[in-house]
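Going in written order, the chains are labelled A, B, C and D, and every chain counts its residues from 1.
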């Protein structure tokens, strides 16, 4: 999960990476309380890169200009994203701009230090000169010097840049990050360095052991979050098919088959594989219940393909969860007393057609249990996909 | 590698929910599960498997151990694996999902220094059909035979094992290297193991989007593998930049905004096709391609 | 350098080791603002152990008793040390008391975890049951479990104690400590654990990279500090001989010889060996000047033996420093105008007799330079010691 | 061990004050000092010694290096030593005083894994009289001969070397293992090296209070050393619990208030006497004891 620039810079400041004096601006009038002397840079705080090219960064000389510029930036969507905050920062005269990063490389399975003397907005120039150093064994500062030298630096500037890299690496390890990036690192004519923009990606799996990061992220705009695996992922706007599976590979394979067969997925949901240490049939049952709930709440989903391959929970238990869910959804939508006849109808209509394919133990008993429910039962994955497509076509025709 | 049926196996996290479920299943399948470890539970037993507080106590009591299968919570995996290595265990299977990747980096540095094979994390482990289960594969989907099945998935692996079994194609082994971005054993390592394994005649490699393991595998197959290999890639229609549930199954740029996309299905399929490796369009096509590779009759 | 109990507990709290609610009491009336409910324990904050046995720890039930008890404790020296503060802490009913420590073992050259089920004030009982685990490779929590099991613990209590040890080790590494000790770790009847007393020894050499620890120590009573190597160390109260050498081994050997020959050292000063990375002849010259200054300020020192074996700075330069110092001290004590005749006399009298023994390059030139100064020159160490003893005897006779 | 006169030597921290003073002295004494390293000073030279920014660059340019002598500031010592190890250097001498002991623990773990000999820290290093200087010993105090001199001190070692030289007893080597509590090479290691060294006929061991290295040495000598050994211990009158200037020269209890005192001079002298090793009462007595051991005439 990414941090916003101002959040990343808080981490930089804490670890001793030099950043300019700055203030978060939540609304234009906050600029009246600005304690940083003008000229000041106002920067849109969005997750998308390249804001500078589209007007998300403005230099201002006084409060009147600043308030006006802030209004403009607050109203400027960047790739569809409106900023919730701006960062007002002192202006810095950089002589050169470098690119620096620490990233976990999955092929090498080691952290890698990256650096280029050509930082800033010209991505291609940075790439052309990019140097890297793999942190093969335990980190020690000589890895940072190795990169700074490979970047072509020498003398005091080599030492300063290596010092920044060392602190970036400390941050990377201390906070379990996926990425720490400074772009650009401004170099003044006198050779002092300054992190002018920064990006930090926290690792989702490690977040629970970093309450400080979790707290930062909780204050963030929730809608900007990458969807958690427990929430359905929306696909095509005109899709009608929902896909509910257990396990990432199975979910992807199932969706691939639907698309290959000409179906249009509206959304999919992976209720999780079976490698969670605390998995039990109870937990999987709860996840399935919640998954059915979520996938049937989306009006767009007209046909729901449930494809579960389970080792942990017998198929007849899964079938039991499905039939119980269907009964609850059709007969007792909330408290009956609250329901007006029209909502009841809408509600019943909303339940998508279910195609259920279960593999595991007790499959025959599962089929028997599902026989009376209004679901289509499939034996093989191919069969389930075919049935789903047929139903989706008939639904589309009907509507 | 020593995954023979008499391998002496330890289960770390035997008192955790998943470990407690699979310990008796592993034992019932014939695995020589000699001990379990769960700190605080020393002295107890589970289905007549003795439980110890420490790996070293288990080793001191029941003797040397070949393989440990680890079911502990995510933030305890590194410690459990280091404990196993310190006790002289050289094969470790990590089942647990959610281990922080930098813990894995630390573990891999230690594993390389001690020549320890790490499988996983976020892996259902290894099954040698009819002989032993080192993890959570549903045994009823597998049958002994000559197809070596390697993958990055859990349930999708079971699905394909079932397709093979239903087509009359038994398996020599089923192994998942794990769904995370940073995993221990690699496709090339397993390809080499299966290439040398007398029981394996053909290899089925089940890949998915994210990373470049499949590209590395295709390259390695072209260079070094004599046995036929069939590939399948899941995730051709997966949206970009979205977590699919496997930490590793994501298409992204390694560096924010820099560099080209890494890990697309097309890149992987192209790599296999360039290496002249048949790529199945769908799971159900795999048995046919296997039969073709083995020059078996094609009726299902 | 040791921390006081309340400072150690601040570190414990920060790393997540459970401690009781407590408040530092700087004077008895602070107890009126106590926010911890009674009964409360008042503990003398001194560096010496065993305060409980001599009345430095008292239980109080109300404010009146507390103020009285605090007055008593503030006026109670423990091995000569008066507390500058007390710690008021909630009372805890411990069922058992354990001893736990993490210490750097210089023979094994590794950190060692120590633990005993018999903690508390009975040192011998703790020792008899003491278990240890050497942290051979990088620490991982299984080392802590190994110790807790060796201590004879099991089940949840084993897990809790291992958890405390894990945090003690983290603290030890993060703050570069020589020792972290909890004695006793109280265990309640329900099995929860609590650090009831704690000791932390910080490493002097690492202090400069831990500004937080340096800040804690700066607020401490300076007189309680272990003397820095740059300050003379006082020896016998009736000694008359000062010893100034460069290097610890040489200082000790010289002092041994003085004592063997029947001399009584008043104090000694090691101005430092030659392994400081930033040593230069300039720096050594400054240290020597300051050393001469310090050693001649002590009225008790009547004969000063200067024994320097230098590789970095030629002997004639050392001789120059000594003669220049003598000139300054005799002729220009401060500004001449400030000096009244009587202080001038006292001042001149105060300068001890110098025995100088120099080894290194340019020894002959050094002797020539010292020829006119009022110093005794010796060639060998034995000779220097003999001359010093003769002078000390004559000084004692004269006085 | 490879401390022959043609050993190829690197000086890390050559641009630091002490390093800059001793680099030319080492070279002038005949040490094969092939390069210096000081980050930020790459490309410069000092007395015709080329300076590099990184050890690996030095090795790539001037070729493999046997020994590195490290003069960098205390908090940079660990990094410098790890850098030397990573560049394949297997003998390291740490001159610097003030290195945090936990840095030394980290370094020793790495040194043990890579079979690297670490001498120091807080050590004047090694001198092979007439051949090479790896550190800061004053060369004018030494003369070639057959006395192997090992110690924990700096200036006291020079003092004793001078006593030996003035008594006509040359030295095969002068080495200090360092004055810190945690040091790399140990007395037993050097005793073994000198026992096997053809140029050494008698060993002088100069100990001091603190720790148990002298006790360990006495034990080792009794068990394994054939050549005569003379011991001397400094600090018999040092006050307890006080830092003498060497971090290691302190008498204390390992655990606060628990256990007996460790590291007293009496304990060390007793250990040597039990092992029937002559202990000099004062430095000037050492030459006589050496002569006695060598059965040389006793006149001075």
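Just so it is clear, contacts are C-beta pairs under 8 Å (C-beta built on N, C-alpha and C of every residue); 3 or more make two chains touch, one makes a residue touch a chain.
None of these values were measured; they are calculated from a predicted model.
Looking at chain A and chain C, the chains in contact with each of them are B, D. In terms of C-beta pairs in contact, the better-connected of the chain pairs A-B and A-D is A-B.
Inter-chain spacing, taken between the CA centroids of chain C and chain D, is 27 Å.
For the pair chain A and chain D, the distance between mean C-alpha positions equals 57 Å. Taking each chain's centre as the average of its CA atoms, chain B and chain D sit 52 Å apart.
For chain B, residues touching at least two other chains: there are none.
In chain C, the residues that touch at least two other chains are 137-138. Chain contacts here close into one cycle, and each chain has exactly two touching partners. Pairwise chain contacts in this structure: A-B, A-D, B-C, C-D. On the side of chain B, the complex with chain C involves touching residues 39-43, 53-57, 76, 78-80, 82-83, 86. By the touch criterion given at the top, residues 49-50, 101, 103-107, 109-111, 114, 123, 126-127, 130, 137-138, 173, 176, 178-179, 181, 199, 201, 203-206, 208-209, 226-227, 229, 233, 235, 245-253, 255-260, 265, 270, 272-280, 283, 308-312, 359-361, 380-382 of chain C touch chain D in their complex.
Residues 137-138, 140-142, 145-146, 149, 154-156, 158-159, 162 of chain C touch chain B in their complex. Within the complex formed with chain A, the chain B residues making contact are 13, 16-19, 21, 71-75, 95-102, 104-105, 108-109, 121-124, 136-138, 140-141, 151-159, 162, 179, 181-182, 206, 208-209, 211-213, 216, 234-239, 241-249, 254-259, 281-284.
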